[in-house]
Amino acid sequence: MFYREAGQFKTGYADDMAVFPIRQDRIGIAVILAIAYLAVPMFGSPFFVSTIMIPMLILTMAAIGLNILTGYAGLISLGTGAFMGVGAYACFKLATAFPDVNVLVWVLASGFFSAAIGVVFGLPSLRIKGLYLAVATLAAQFFLQWCFVRIGWLTNYSSSGSIEAARRSLFGVQITGPGASETARYLCVLTLLVALTWIASNIVRGRIGRKWMMVRDMDIAAELMGVRLLPTKLLAFAVSSYFCGVAGAMLLFFHYGSMESIAFNIELSFQVLFMVIIGGLGSLIGSYLGAGFIAALPVVIKFAPQILGIELPSAVVDQVTVMIIGGLIIFFLIVEPHGFARLWQIGKQKLRVWPFPY
Amino acid sequence: MEQVLEVLSMVLVEPFARMATNPAFLVQVIWEGFVSGVLYALIALGFVLIFKASGVFNFAQGIMVVFAALTLVGLHEAGVPAWVAVALALVVMYVLAVGVERIVLRPLVNQPDIILLMATIGLTRVLVGFGELVFGGEPKVMIANELGIPSGVWRIPLFDRVVVIKLIDLTAAIVAIVMVAGLAFFFSRTRIGRALRAVADDHQAALSVGISLEQIWVIVWFAAGIVALVTGIMWGARSDVSFALEIIALKALPVLILGGFTSVPGAIVGGLIIGIGEKIGEIYWGRLIGGGIESWLAYMIALLFLLFRPQGLFGEKIIERV
Amino acid sequence: MMAFVDTGRRAGPKPIAAGEVLLEVEGISLAFGGVKALNSISFDIRKGEVRAIIGPNGAGKTSMLNVINGFYHPQHGRITYRGEVRRRQRPDTAAQQGISRTFQNVALFKGLTTLENIMAGRALKMNVGFFWQCLRVGPALNEEIAHRRKVEEIIDFLEIEHIRKVPVGKLPYGLKKRVELGRALAQEPELLLLDEPMAGMNLEEKEDMSRFILDVREQFGTTIALIEHDMGVVMDISDRVVVLDYGRKIADGTPDEVQKNQDVIDAYLGVQH
């Protein structure tokens, strides 16, 4: 009833091409941002902010990265975890080598390192597609993980083999390292995510995003229309890996504080892939919905039975979660290959025409 | 300059010198590589069977191996006699094949490869979660003795030294050969085998001459299940039965790239190349860069190979059309 | 504002006058393994004409277009375009030189809308850098709007305003063909290759499509080479016709000449050789 666009006229192509052409959407996004920036830090419990919101937002960033590669450019990757690792290790090295520069600069810069590595492992994508490319990215996953373990220089020869986030601050407020408040970390993560989402949405809606989708939908036709495949695919690898790298650096500096190479294993790659599939391939909103869902599911499965008075052992919770996610992936692929994002769209359409069916 | 020469000698001369000075050890290394190659080949074989008949790249083949082995051991632990447990495990694999065909494949007919791949990744998770829920997450010991798999070793004197061959490895190699021969016979001589090849060539054409896709799919998934059970028994007898195998089973992917996705001999040859190649690489060159290179060497070999021959050793070149 | 539209291939050589030879193929042979798809084919296409390539199924017509496109590389023969002999080239260079095409089995980008598909045709002409793309303000936005204006002209021309924002996967066949023509036009080609633009259409749709093809030539001076099975259409709209059969050229001339050619009649009616 309130979701009507009648009376809102577009007077130029710029209006028509805006992210949120409908006024109600603009109000909606403002409300969501207000909740995220004000309500969550003010009313959210420390547990909620630090163990649900922060990892969820960071994984959203990684999901956006993978979605750019898989959803927009149609190139499947099983190496997301390793590319995130490159960002984390790069940020660790940069932050320890140049402690005077603000850590946020290094978080953003670390993405460039994983972008470069991503391009190297994207090179085979010229000759190979689909399943074959999946194997190439597996090579990246296992090789990079081996590097994290074997190259002592990466961890500053730490005896435990782990990397740690040092204490750093912004405007006099400590934002990383032991003792940083969850609110400060949360606000950093949120701001980075919002800014990079805006950039991602600009890229995918413009010339570059169209080229990626051309290659995804019909690479031969794209080539015959003058799109050079290799640079286009490599750019997708670079941008995608940049987002994953920044996500990895954030995971270290704003969430765990201390990580070992095992954290960037293939499980992480799969987790991000599942977020993208369940959320919706080729949709940024889908990346948010998918990450939110997968981050929230174990919590729900853990606490829902408790409300009913049943206590589940944590191993069972894990196993049930794994099964449900697997089942949901199959379900979504069969019923709605565009995931939550399409359900969201359908919902909006229904709301527009309500109370009429169409 | 001198350092360059030294590095070159370390990479290009010393490993071969070590091979030459102790040939018996080299034979031992090749044998170890051969046996793990056989097991990679067995997993790859499961992939090939399904890919040939349904065009589905079954990411879950590795987990099917674990699942089959766990079912067998789990049933035996519950008091079922060994051979009855094998029969029951086969029944479970058949039920799985039917279930997969009904629930996953049938609704996804004619979807792009990548969707089907992701569906089987989903299937992997379901099997992992279900397997751990039912049988627990701890590693289990394969019931090798009860199944009559010989233990013990053969010591073969060679070049003044001894090459040790475990009987279990020998059994694994023989079983693999028998199974491959059986499958070759099945494909070329039986009516179902021929129908299966017809389906592999062209789904619609096969349908139009009255071959039932559903039946064929159940049959290949069941066949892949049998292969998985045999692989699981052999693998389990060599180490133990655990979900760690899931990661190792991924090495079947580079094997397939070498051999081509649709070729049974390709799977075998690819498996042996990867198995022997990574053992020799690890033992003779791995220490130069700190060891542990077995975790990624197979993928790198496949990657290099892809750049020069994308269709694999036995695959056919694809002509693109518009 | 229009300054950065059209920068795509302004730098080309001197314009070619109507009636001069735009593209010439000489002695083209193409084989896949042992199968000869094209056998020593020669013909030319003149600027501003509608040139039809006809022949029975499997005659090698689509292969010929693929060769002109640079997608297949012939084993023998040479292609001269705008007076320059082409060496082995990548398909994307042909597009840069002003050759665009449609496909026999519609090859639209099926995840994109009509509007986006036609915008995709402008890919080569858009070149504002990565930095501005990230921010989508200033030059990037202006470029996007300028090209959008151009695309809307094409949408008007082809009368497909109503499906502007519909994903092309959902469109009926006839409209898909029309969107594909729009996408090729968005490239502002000098030479437009149409592979069976009217296959599977009803009479009314065929008439529409014929009208569009003639209008394109009229309004933009585009040279058109088309493959078509409907002889009525071919005879009506084309200036010259080349006939292929089993990878060989069996006739070349005006529609009237070709119609009277005994080899052509035999090829279509199937005479024992």
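Each chain carries a letter (A, B and C) given by its place in the written order, and its residues are counted from 1.
The rule is simple: contacts are C-beta pairs under 8 Å (C-beta built on N, C-alpha and C of every residue); 3 or more make two chains touch, one makes a residue touch a chain.
For clarity, every value in this text was computed on a predicted model and none was experimentally measured.
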Study note, to complete from the structure: The chain whose mean C-alpha position lies nearest the overall protein Cα centroid is chain A
**Study point:** Farthest-lying chain, centroid of Cα atoms versus that of chain B
**Key:** C
Check your understanding: Using CA atom averages as chain centres, what separation in Å is found between chain B and chain C?
Key -> 48
Study note, to complete from the structure: Cα centroid separation, chain A vs chain C, in Å, comes to 41
Exercise for review: Calculate how many whole Å lie between the centre of chain A and the centre of chain B, each centre taken as the average of the chain's C-alpha atoms.
Suggested key: 33
Exercise for review: Would you pick out the residues of chain A that each touch at least 2 other chains?
Suggested key: 220-221, 224
**Study point:** Overlap residues in chain B, where contacts from two or more other chains coincide
**Key:** 322
Check your understanding: Hey, what residues on chain C touch two or more of the other chains?
Key -> 71, 103, 107
Review point. Can you list the residues on chain A that touch chain C in the complex?
Key: 12-14, 17, 199, 202-203, 205-208, 210-211, 213-214, 216-218, 220-229, 235, 282
Revision key, fill the gap. The chain C residues in contact with chain A across the complex are 69, 71, 90-92, 94-96, 100-101, 103, 107-112, 116, 119-121, 123-124, 126, 128, 130, 133-136, 140-141, 143-145, 148-149, 152, 183, 187
Review point. Mind pulling up the chain A residues that touch chain B in the complex?
Key: 74, 76, 124, 127-128, 130-132, 134-136, 138-139, 142-143, 145-146, 149-150, 220-221, 224, 266, 270, 273-274, 277, 315-316, 318-330, 333-334, 337
Review point. Where on chain B is chain A touching in the complex?
Key: 57, 103-104, 107-108, 111, 113-115, 117-119, 121-130, 132-133, 137, 247, 250, 253-254, 257, 261, 289-293, 295-296, 299-300, 302-303, 306-307, 310, 320, 322
